[in-house]
Amino acid sequence: MVTIYINRTGQTEQVKSIDRVWLNSASNTFLWVDLAAPSIPELLILSDTFSFHPLSVEDARAELHYPKIEAYDGYLYAILHGIAFQSEETEFATQDVDFFVGPNYLVTVHNGHSRSIAELHENALRNPKIMGEGPVALFHRIVDAMVDHYAPEVQKLEDRLDELESAALDSPTPEVIRAILNEKRRVGGLRRIIIPQRDVMSRLARRDFVDISTDMSFRFRDVYDHLQRLVDDATMFQDRITGILDAYLTNVSNRLNEVMKVLTVVATIFMPLTLVSGIWGMNVHLPLFPGSDVAQFWWVMGIIVAIVVAMLAYFRRRRWI
Amino acid sequence: MVTIYINRTGQTEQVKSIDRVWLNSASNTFLWVDLAAPSIPELLILSDTFSFHPLSVEDARAELHYPKIEAYDGYLYAILHGIAFQSEETEFATQDVDFFVGPNYLVTVHNGHSRSIAELHENALRNPKIMGEGPVALFHRIVDAMVDHYAPEVQKLEDRLDELESAALDSPTPEVIRAILNEKRRVGGLRRIIIPQRDVMSRLARRDFVDISTDMSFRFRDVYDHLQRLVDDATMFQDRITGILDAYLTNVSNRLNEVMKVLTVVATIFMPLTLVSGIWGMNVHLPLFPGSDVAQFWWVMGIIVAIVVAMLAYFRRRRWI
Amino acid sequence: MVTIYINRTGQTEQVKSIDRVWLNSASNTFLWVDLAAPSIPELLILSDTFSFHPLSVEDARAELHYPKIEAYDGYLYAILHGIAFQSEETEFATQDVDFFVGPNYLVTVHNGHSRSIAELHENALRNPKIMGEGPVALFHRIVDAMVDHYAPEVQKLEDRLDELESAALDSPTPEVIRAILNEKRRVGGLRRIIIPQRDVMSRLARRDFVDISTDMSFRFRDVYDHLQRLVDDATMFQDRITGILDAYLTNVSNRLNEVMKVLTVVATIFMPLTLVSGIWGMNVHLPLFPGSDVAQFWWVMGIIVAIVVAMLAYFRRRRWI
Amino acid sequence: MVTIYINRTGQTEQVKSIDRVWLNSASNTFLWVDLAAPSIPELLILSDTFSFHPLSVEDARAELHYPKIEAYDGYLYAILHGIAFQSEETEFATQDVDFFVGPNYLVTVHNGHSRSIAELHENALRNPKIMGEGPVALFHRIVDAMVDHYAPEVQKLEDRLDELESAALDSPTPEVIRAILNEKRRVGGLRRIIIPQRDVMSRLARRDFVDISTDMSFRFRDVYDHLQRLVDDATMFQDRITGILDAYLTNVSNRLNEVMKVLTVVATIFMPLTLVSGIWGMNVHLPLFPGSDVAQFWWVMGIIVAIVVAMLAYFRRRRWI
Amino acid sequence: MVTIYINRTGQTEQVKSIDRVWLNSASNTFLWVDLAAPSIPELLILSDTFSFHPLSVEDARAELHYPKIEAYDGYLYAILHGIAFQSEETEFATQDVDFFVGPNYLVTVHNGHSRSIAELHENALRNPKIMGEGPVALFHRIVDAMVDHYAPEVQKLEDRLDELESAALDSPTPEVIRAILNEKRRVGGLRRIIIPQRDVMSRLARRDFVDISTDMSFRFRDVYDHLQRLVDDATMFQDRITGILDAYLTNVSNRLNEVMKVLTVVATIFMPLTLVSGIWGMNVHLPLFPGSDVAQFWWVMGIIVAIVVAMLAYFRRRRWI
């Protein structure tokens, strides 16, 4: 679906088709052409009306691309990635948004699910200032919104890390390991999404492109800072996951220690007692323990109590119990 | 085997030998000379007909080389690696393809098993456009196909990682460790193959060479992006393998814990019971437990049941059973 | 709250409002305007009186920012992070301080809790030299103090690491693991705070900005050195934490070994003894051990003592006891 | 021992002493002066005949040096490392070879054990072309041979890694750990030897030095490629060693699991049986199991068989046996 | 204490005070002024006699600094670190030495414990050549000696690593872990000391400073090489420590395996035997084993021997014993 907004004399309105006169950079007119999930004929607008370079048109048509920005003759072409809503998947889902930024127009191409552009549709007509600042400002506005939408996903990631840390320390079940591995992949995916976008912002902020004014470069610098913080977060998350795995492994070892201490304490106490009962069960006269059958019983009881007390004292001293 | 294609006035045909006139860059003729597993006399075409520099000819003859690109006087010389079909081996197998890219000719030298070049042979005559774009475009087309052929191998690698992850979490046998080590080497091999090729593409995309037009540099940039994504994949795979090894080790520890809990539960329950049976087996009168032989039996049973119930309660509380 | 200091003819005094004449760089007057937790109307001073660029004003208003420095027309704008007092939290808390450094004024914006600026308030009137050196020197003085305040926090971190190392080696409880993970995050946080500030200082020391004299650049170089040492400390801390985790894990394994040795020694000694007592408890004539009931007893005792002595000798030789 | 070869009018011959006229770069004469384990008087040739800079002469005299290359006035001075033959040591042994490369002479200084130079001695007189290409080509020839001699040592390393991997997976004895540590040091040593030499080659290939022709730079580029592949090998070896250590540790854990399963199975089966025998050994009437002495026996046997069957079924279900 | 040496007309003598005429670079006089643990009045010589920049004077006064080198107007100012003698501490101890290198003077400031400077004091008067080469050569001589003094400390470190490796493989006690952690910190400390000094030498070798002649830059290049080798050593040490820790952990696991094998073997042999003795101890007639009491005994003995032989064969086949 093609939606066309035009900003003239301070007013923004929606139009059905593009008058080529408007594309003249002296026309004092700002255009925003949004192609949401465009059909093949709709895509012709890129080559026919705007005469974009075939390579950039082809890139805009293709689905999967690395974020990048390139200066063509008379316009900038950028691919950036928005984050997709759902998050039950193993990896972050992203969607391409393509930008053609000219002197007085912005053309966006996407699959129709971009939240950032949907928000702009809602506000473009209502607030004429939005388009009045020109196409680079509009480009920045969309990019800024796209990066802002990363924040809640990153927050969810951090929350899950907190949960995993607690789980690793409190109940290290095998399911936790599986969850840790999944989280590790998610964090890796986050880095892979953010880093190339940060590099695009860096080029805009450093004003590698003459079409970017100083003012605009400062704004892109802000987006760059935001992405840099997200990269820092992702790096920290990776560190945390390593730590959580270590904690898990250590915790399992600790628990094994506990189990073995119980076994050792039990065996160390009962084996001598069983021996004692076995000795008095022998068909043998015990000259060291004189007395009647009942006296024999008290001998046994005495020895048993002595062993148990000694053992408990020993384990208490070693701090096992 | 030497195969020669010529593109003149929009038509591509196959010829038997090369007319030196065609090599004149003003001749408006495009040549593609493919040397598949060339014999020594066939290789003479490189030095005699094309007068290539002896060093580049020698490189083209040699088997094993690092991917590289070098500008000689009047032509570019590049070595790139295609991926070989089979994949049961421990490491990825590759095959050299050598390219001599001149103003109006492309010479390729390889061992005859390059899938990408075989595909081109099938299409070169059918579609005259393929050669009509000139030798750099033809070079790009082969390189692009070579890189495309990496994708299924990388996919196989990822599938095997998924299997290994499941195996490490579900049945950590020693065979899985061996498989993980092998996979680690494969991933390392993948990186070693891709990174130098990406660097060659980077030089082509950055237009280090004057013979590359802006248009072509954008196309090589696409190949570069593709290789960069593969590098990212390989890096992610390395991370995953580390994670899988950690998961394996943790899983083994978990299982040890399980085993030890069983042992401890069993020993902790049966040792006191054996002691009880031992005490009543002593040749001793038990004044604490009065009564007939049958009453004695019920005393024993009572104590045994009490011990078992107490122990089970204890272990249930510690969540061992 | 807005506080304004003015330094004229070698004297520093506090004034209520700013005379625009003073802002003229030829006025031979130094101004320091401090906005502590400014209200919205108070913030107007930035745009109205000083006519700062809207972007830098907006940045100064916002709460959370990455440390950075930017040259605007006629002034430098910097964001730096002071460290906050409390330290019971999981991560280091920081607070933004914004600086506008002009030819004869310094404007600082912060949340009112900056210790470094509070110290300067105490001394500014008392010691006229403090403001007499000009706004860049004043800027350096605040920054230097901010960095100095990191030292005790870093010292606390190091002390905690010492404690954790001892704990990991002496009493590896699960609580220690939790503490190690927390400390790891604190150290990671420290790095994230310090590194961007070091980079800002590096730019000041390298004199990326024309407004910085050689003298001042040497002073910023000192601050840079200080931050670089802190970065080195943080890197070393990260190394130590890895080592502490390794020590913990190894220690747990060592202790498991100890536990198992006890169990094995006990079982290895008592199992044969129990067998001996069981043999003499059989309803069977033992032809190998002739003699009366009492003689039988001494046979048993002899065998028991022989087994115990042999076992102890064996374990002593293996250095288990 | 000083050996002097001279190449004039296409012929190579050995001479006893150097005519200073030959050193004139216009003399159309190529000299190769080889000092093998030179005595102090023999070393004087460097300063007296060739008037080399004292610093480079001093470097040539010293034993241990980092590979490097430096341009002096009129000649290049290079130190490179050959690999020594023996390989039973913990680390790779190397030997310095010093090169003075002038416009029409090459001077080599070494300890007399360089295999690469020995090979050249054998061929220099036989094949006049060897020296006819000039001193830089001769320099390249020696360097190329030195690097070629690394290959078999690297191959031995790889073979040992294969052995260690098998050992770690099949019989993880403590000796294997010691061997892994030694191998790790060897691989580290290999990297330390190769990387600085690669950097020297890189400078020669990039033509940092005016005395290197394009042709020669391509040849050094080949040596550089060879060293780069060796660096890649060494990096891969390091990865493999990490993997082997992990495999070792995992394998030890696996074996511990096996041991503990045996113990647990045995204890879990025999403890109940012992209890059963203990119960029938009590001096107590068992009202639950009526019948004669023989009937009692069949009761016991029945219970024992039932327990064993149940236990075996349980362990089979848990896949322990 | 201030010591002043003067070198004029090839002779070196010690003087009490400085004649300002000597500082004139045309005076053909070389001065070395050494301030060992200078008092405040002695330090005045820096500002009063030499008129050094206040910032460098302040740096020279301060105790703790990062190694650095800075070009001031007319002289170079450098801070370098000597290694201190004792080595029982956890970290390497260093001491600042400050250098002011002018056209015809060298001023050194230190705490009086620098071994390198002490050696120079001994030789300066005896050998007039030492000072005759000028202040940069003198500077190099001190720096070279300082770096040479690192070697024995590094050697000690390596020896301790050898000991730790043996200990980890032979007797992995908890004390070894503590020693490994300490060694790790020492190695980390070594890197932190050496790397900034190497960077200073790199700047001197690259002739970032006009006052350094080519000859001198080659000498500093030698010091740089020496430090680079030490950095390589330290990196290798870090690798070794990681390996030693891994070896320790693996060794502990191996030993646990040994312990558990002993336990399992003992339990697996004695549990069936105890059951046998228990069965013959039952108050029950054993119809399967007919015969007299003595015959019963031989039945028992036969079963016991059969069990022991079968078990030993089983364990021998599994290579546990």
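As written, the chains take the letters A, B, C, D and E, and residue 1 is the first residue of each chain.
Here, contacts are C-beta pairs under 8 Å (C-beta built on N, C-alpha and C of every residue); 3 or more make two chains touch, one makes a residue touch a chain.
A quick note: this is a predicted structure, and the numbers were derived from the prediction, not measured.
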Chain A-chain B separation of Cα centroids, rounded to whole Å: 25
Rounded Å distance between chain A and chain D, as computed from the means of their C-alpha atoms: 40
Numbers and ranges of chain E residues touching at least 2 other chains: 249, 253, 256, 260, 263, 267, 271, 274, 278, 281-283
Chain-level touch network, classified as line, ring, star, complete or other: ring
Cyclic chain order - from chain D, heading first toward chain E: D, E, C, A, B
Residues of chain C defined as touching chain E within the complex: 165, 169, 215, 218-219, 221-222, 225, 228-229, 232, 236, 239-240, 243-244, 246-247, 249-251, 253-254, 256-257, 260-261, 263-264, 267-268, 271-272, 274-275, 278-279, 281-288, 320
Parts of chain E lying in touch with chain C, wherever the complex brings them together: 55, 59, 65-66, 68, 70, 172-174, 177-178, 180-181, 184-185, 188-189, 192, 245, 248-249, 252-253, 255-256, 259-260, 262-263, 266-267, 270-271, 273-274, 277-278, 280-283, 292-294, 296-297, 300
